[in-house]
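Structure, as structure tokens:
Letters A, B, C, D, E and F mark the chains as written, and numbering starts fresh at 1 in each.
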Amino acid sequence: MSAVNPAFLDELEAYGENAGALCFNCGTCAAVCPLDGGHFPRKMIRYAQIGAVDRIREESRELWRCLHCGLCTQTCPRGANPGEVILTLKRLFAAEWRKS
Amino acid sequence: MYEPKDIIAILANNVRKTMSPFGIPKSMVNGWWKEESLPRNGETLLVTGLMYQLVPFIETATTWLARYEDAKWAEYLPYSRFVPPRLSGLGLAMITPAEAKRKAAGHLKNIVKAMRASGRRFGYQPELDEYSGILLYDLGDQEGFVRHAKRVAARLKGAGVTSIVTVDPHTTYALKVLYPKYADASFEVRAYFEDLNLSGAHAGETLSIHDPCFYGRYLELSGASRKALGNLGYACADARRSGLFTSCCGGPAESISPKLASRIGAKRVEALGGSGERIVTMCPICLHNLEKAGADVTDLSTVLAGGLKTA
Amino acid sequence: MGTRTSAKAQGTILILATESCAYPGADSVGQAHSSYPANAYILKVKAPVLFPERFYIDCFRKGVSGIIIMSCGEECPYEGAYKALAKRVDAIYALMKEHGIDIRRLRLTAICTVCNRAFLNEVNQMNAIVQELGPPVFDQAAEA
Amino acid sequence: MTNNPTNAILSKEALKALREERKEWIAAASAASRESRKALKAVRERLAQSSASIPEIAASTGLPPDKALWLVATMKKFGEIAEQELDDGYYRYALIAKDVEDAPDQAE
Amino acid sequence: MSDLKQTASGGQPASGCPADEARIGVYICHCGGNISDHVDVEAVRERMEKMPGVTVSRTNMFMCSDPGQESIMEDLKSGLVNRVVVASCAPSLHETTFRAAIARAGGNPYQYEHANIREQVSWVHHGAPATDKATRLISAAAGKARLLTPLTPIRVEAQRRALVIGGGVAGMRAALDLAAQGVRTDLIELSPYLGGGLARLDKLAPHGEDAAGIVRELAGNILSDPLITTHCQARLTAFGGYVGKFSVEISPASRTARAQEAAPGAFVPGKGVLGPAQAPGAPERFDAGAVVMATGFSSYAPQKGEYGFGDNAEAVTLPRFIEELKNAQTAPDGMLRLGSRPVRSLAIIHCVGSRQIPGVHEEGPSGHLNEHCSRTCCAASINAALTVRKTFPATRVYELYRDIRTYGRGQEEMYAEASAEKVTFLRFDVESPPEVVRVNGQYPLEVRVRDELTFGENLELPVDLVVLATGMEPAPIRDLIDMLKLPVGADRFLLETHPKLRPVELPVAGVYLAGTCQAPMDAGEAANAASSAAAKAGALLRRGFVELDPFVAEVDPARCKGTGACVDACLNEGALRLQETEIGGEKVMRAVVTPALCLGCGACAAVCPEGAINVSGWTLEQYEAMVDMILSEAAFAVTADESVSASPEPAEAAV
Amino acid sequence: MDAQREYAREYAFDAVVIGGGIAGLQSALDLADQGYKTAVVEKDASIGGKMIRLSKVFPTLDCASCITTPKMAAAAHHENITLFTYCDVNEAKRENGRVEVRITQRPRYVDMDKCIGCRKCEYACPVLVPDAEQGGFSGRKAIRIPFSNAIPQKAVLDVANCMLCGKCASVCPTGAVVYGQKPESFVIKADTAVLATGFELNSRLDKPQYGLGQIPNVIDAMQMERLLAPHGPYGRVLRPSDGKVPDSIAYVQCAGSRDASMGVSYCSRVCCMYAIKQAMLLSGALPLADITIYYMDIRAFGKNYEQFYQNAKAMGIEFVKAKAAWLDAGENGSVAVRYEDQLEGGAATREHDLAVLSMGMLPGWSPRGVCPVDVAGDGFLKTLRPKTNPSLTTLEGVFTAGTAAGPKDIVDTITEAGGAAMEAAKHLLSRQTGGVSLREADHE
């Protein structure tokens, strides 16, 4: 079991305009992502929504597989801009690394 | 797959020190213009962003890297210790074949040719032509990107540049969309093929266009490339995934996972090659990655320049 | 010869078709110009629950060879009528057996306003039965 | 609920004028009509031999299967074709011998 | 029954020969070849001419055309015919045309029979069999026509007064709309207040209308309308009669607590507008022409232990939460406080008492499962969540749902807004519902859920409050259901006649449905239903009478022996009953029809051992005559020779 | 643009209803039953709207025609109702407290008074055109009765596909064909109006991911209605590419709703239920077929809808919680559906013989430039008081019913139509009595 922490979305907003709050988890992004297979990028967005930052950290290398091709953003039915959420998460970790 | 943290560290370090992601001195990268007599001033300034020029180096680096991708110890090796000597800077420059560099220069020359034939008046100032920093942006090194972008923008602004013509999608996107947003610098930016007025008759020949993600989707320029080709009499066969819904060539994954890049590239080539037409694209990365995946792919500039010959 | 005996020879089929469902359903078959045996005669009824058992037996006695009750089924506008009708049909079957009449000569079915296929099936099936059985013959013993 | 008080059969001149006015439509409709007549004929000839499924009709007439199905559906609507038994995922269709006047393009 | 005028001007009993000798006119249509291409129309005409009772037989290219109709009207006016048979297309197309023509010529439109020889003959049969069948069908029509008696529609005098049961938004809307049509209306409400379920709400989803404002306005209009009499704290205690004339008895309800301090007409938060109480004492009786049921719903009461309800003070229902939220003050730290208790986070659990599934959910004390969706709770929950997030941004909100059903206009947008405001949505499967657990941690409660959006992972939500989105149940109106004989569906809500054909009507003519007594709906939907019901009731009452089809059961008093078989078979209670009558000084029981209640199905006719009851216009004798004519060879006997020569291809012959 | 049109005639009514679908007909019937003379103006050649084109309707599964036809016939025969079909509304405005509607009736090229609906012309016509009434799956003639249960049962000639060969005129028994018929314009003046202009299905072109009409055997739900209808193009459910009996059918929910990428962010309200209904009908027609519904949320909110949904699940219809992301042509005419399996595995592809797009609703009419009534952000008519008087538009004396003011199912539409008739009647009454209407109070 993991505890949910919605405050993470607020923190994340410092790194980008879109932190994924709008996503209603339809799965379009995961299905169109050229990285094929798995739940990416919805997985990351969902973890962000529930504040499972440890999960994102554990799997953070996944973020850099993203091609930034934008197909998920183009097809997102909720205008949740999944591509931008991934970029925002990249920025969060890149900033952390830079500090360390 | 490589450790993003290390890749970012190398690239950011290189860009900070040399303004170039691979740390190769610009003089060794950007020499194509020397054989062209280009005016320094014009209505607009040609900015290549060095992407075409850098691709041969990327190619070398990744070919080399690919050998190690699956090695067990890859993940644990601190790249920064052993990669830089070989994979950046002079080392990389040394092992990159001259043929590849000549080919890259050829694309730029063809672009110049097409622009001239269209009566475009543009200037070129090699000292202002810098790498845009887009890779840092894509990798999430926002701080590094912003710092670099501001440097590049300051130089352009300092030189009084207001209007820019670009040659590749990544630089176009950076200058047109990211610079105003993050570097407080707005230029009028247009891709070179937006304003051509070539004509010709290539009736009967059909080309299959691969829209780069940035052109097809982010910048919505897929109509412009088709129009340029259409004016020359070419027909364009669109794959189901094109334009706004174009599919990635896989190239952007090169620096992180060459294997992934080639897997996606192969899929894309399969989708494009269905009807057997010649594939045309307009991005050095797409060009390189689709070629690597075994496609007969031509740069738009080659077609435009070649079209001139028979016109 | 001519028209005189044609229907007789084929045996008469009587169709009791509800005003709100089966009767417009038969019209719909007409609109589609789908042919069916001409010995089928359609009578419009508000609800077939109107007819007592003896009506059916009398019809057979008069020479009707087959009867199809085309109701609205469970969607009957008269609540409870379909149940009562279904019960009645059971009673008629019992009477038919008593009189030695093949119970296949009577059918209860639900036909809606656009049930063309079902309508045609019903009529064709009944016609096949009627042709097979010939005119109704009452069991003399039962009659007595 | 209203109608022009026009005679049903137009005068020759009026019809001529109308033909001129609708020239393009008429040309297109005539071309399409020729096309469909040819296709209908092909389907009819195939079915005159024996009943057939859509893939079979398509194969022997050279029509694309979707077009063959379209024609069969149309001919069925006008009472020229009847559906028969299911045969390995496809129904078979047969011509009905019927009043000629009911055929969809009976004339010509 | 003075107010019921079943006028059969012929005055003839259903059996036997009509007094006036039948003079039948048969009119056969060519339909421009549609009929005559396949039916030898002229041959049929000749045959018909010779039928007994037929005085004239004519054909026309288009019988429905003006000249065609004229020929019929002339024959009627001249007295040549007094019964009409038209043989043409389907009766659905032109039956009304010809009935109207007969009426215009001064005839009785019910002395008319239609033979369908296009759709049911010429379009489906060809050649000689078509002509044969047409002959037999027209003969049958003539056979029936001989036995047709003149009929007139049944008129039921209607009281221009209506009763509305229930003072919520639906009842008030219905009453106002009835009054606007000039119908005097009595509205009865069990509680002391007008406003119903709406009065308990705050800002309505998704547009934010003020519920209290709506209640105030509607109740204000109700109380000031001179045509509306409001009876609060009142119950219906007796009910009888039929459409147009229901007898109604209203009694004061047993006293329930009411706000002492409030003056009548004042709005009491959470309760509604205080209405005038029914005077204590004797019941009030009056007649009403129509009744609108607007008895509303009950909120589902969670069982003890259901999602921690009853065991924890921190578990409340959504209606309760909405009321508390209404009064909550904004705090500087942006955190919601209920009483003095800060609510750092809260979870709203959807579908509590709705969408219950046999085998998964347990039946409540009522012994029933609520298998229905309550329709309004998704939007209400999200609306509440959004209110919290916007007014108290420091409070976190979780929504635990099965399906988000923001179906209505603006609701999906509200759902998106709630997402943007960082309400966290979690989706659970009905088979593994969330658990509410008391914990000794920073938070009093923890909601544990297997979240389908997070790939089926088990998540823990620390919360200060659990809100249960309870659904709607039918209000407890067993007494009314029994008294008015109302049908109830499997979901225990009142059941309309047909959801599409007659969505606000009940099988009891003159009784209508409005609002949530029928099914869960929101205020606007209830208002639509109420207006629709008021339109139907108004159309009925405004004319002062109700006109019903004359096709109802009729008893032949000479034959009736009072067996009561018909009464047992009757499908509409009250339409038939046995009544004591004096015949020859002897008191006997005889069947009596209440035409206003008779549906005309004929269930009675089938069971009468004496054949004493029949449906006017559809009698058994008429059917028997039709069968006889279909089987008869009479029509062919005379013209047999000619018919032999009828062309096998009558298509040519006809044109 | 309207200036040069000549409005030859003028008709006066108590009420005018724009739109002859189920909403308009119900409003008209309710008004007519109250004694008001009512005009119904319909753009199509037949009244009946979308409903008459459906197969069966949820949740009762009774046939759409059986419910619509009686209402159509009742309206056609009602002494207080006059039908105007095949009409375009050029302008609708308020003038001196009355509603004035300027209308042009398109030519049918058939004399309505003479046509007897015998279809002889249709049989004689040599031109075959895809029949939109049958989803394009079969052909129709250039002249034809629009569809089997159309009212009025009168022929219409589609001149754009007519060769002017004269065959129809020569076989017409009443001489009803009028090749030179011209449009006619007239004015209807009434005291009140009900806008019941309905909806249109949104176009699948708006979602290129679903195939742009390029992938064979991807059809929309209205086309499936036709395949399921008793008078349907094939008389049964077949795959349009080659007539195969489909073994596996996919439903793609929210194919035209709840999708910002298509510019339609609202829920269309009926698609969940019609998909479930069709799935149930399909499992009756094709007992061996697998049926899969790809959905985000099942919105079974109406009376008996949830029970209907649970029955469908119990019947073995598979519900997959995922929005279908992409459709591609698969092997042998199949359709490959790409989606995210959310509980395990992630991105996945499944092949089906046939895929049905559950398209949503768009407004059927835009009042822009025609009628000064406001529309809301979703493009549907704006309503003033959705919670207490849902049929009030922003124009006094003008009311709305059904899907003109947002997606709605048939039950809600019919109920609202009754409500709109009530509001219109109140307006008529207040005009007759000189009372203050609700609206006037509102506007003050």
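In the analysis below, a residue touches a chain if its C-beta (ideal position, glycine included) is under 8 Å from a C-beta of that chain, and two chains touch if they have at least 3 such contacts.
Keep in mind that this is a model prediction, so the values were computed, not measured.
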Steps needed, at fewest, to go from subunit B to subunit D via touching chains: 2
Distance in touch steps, counted as few as possible, from subunit B out to subunit E: 2
Comparison of C-E and B-F by number of C-beta pairs in contact, larger one: C-E
Chain occupying the most central position, where position means C-alpha average: F
Most remote chain, CA-based centroid, reference being subunit C: B
Centre-to-centre distance between subunit F and subunit E (centres being mean Cα positions), rounded to whole Å: 24
Rounded Å distance between subunit D and subunit F, as computed from the means of their C-alpha atoms: 28
For subunit C paired with subunit F, centre-to-centre distance based on mean C-alpha positions, whole Å: 38
Gap in Å, rounded to a whole number, between the CA centres of subunit E and subunit A: 52
Multi-chain contact sites of subunit F, meaning residues that touch two or more partners: 60, 70, 172, 209, 235, 258, 342
Of all residues in subunit A, the ones touching two or more other chains: 24-25, 39, 43, 74-75, 78
Multi-chain contact sites of subunit B, meaning residues that touch two or more partners: 244-245
Interfacial residue positions of subunit C with respect to subunit F in the complex: 20-21, 24, 28, 31-32, 75, 112-117
Subunit E partner contacts - residues on subunit C that touch it in the complex: 1-4, 6-8, 12, 14, 24, 26-27, 29-31, 33-36, 38-39, 41-47, 49-52, 55, 58-59, 62-64, 78-81, 84, 88
Subunit A residues touching subunit B - in the complex, by the definition given at the top: 15, 34-35, 60-61, 63-65, 67-71, 74-75, 87, 89-95, 97-98
Interfacial residue positions of subunit A with respect to subunit E in the complex: 1-4, 6-7, 9-10, 21-25, 39, 43, 46-47, 49-50, 52, 78
Subunit B to subunit A touching residues, read off their complex: 1, 3-5, 7-9, 138-143, 213, 217-218, 244-248, 250-253, 256-257, 260, 264, 267
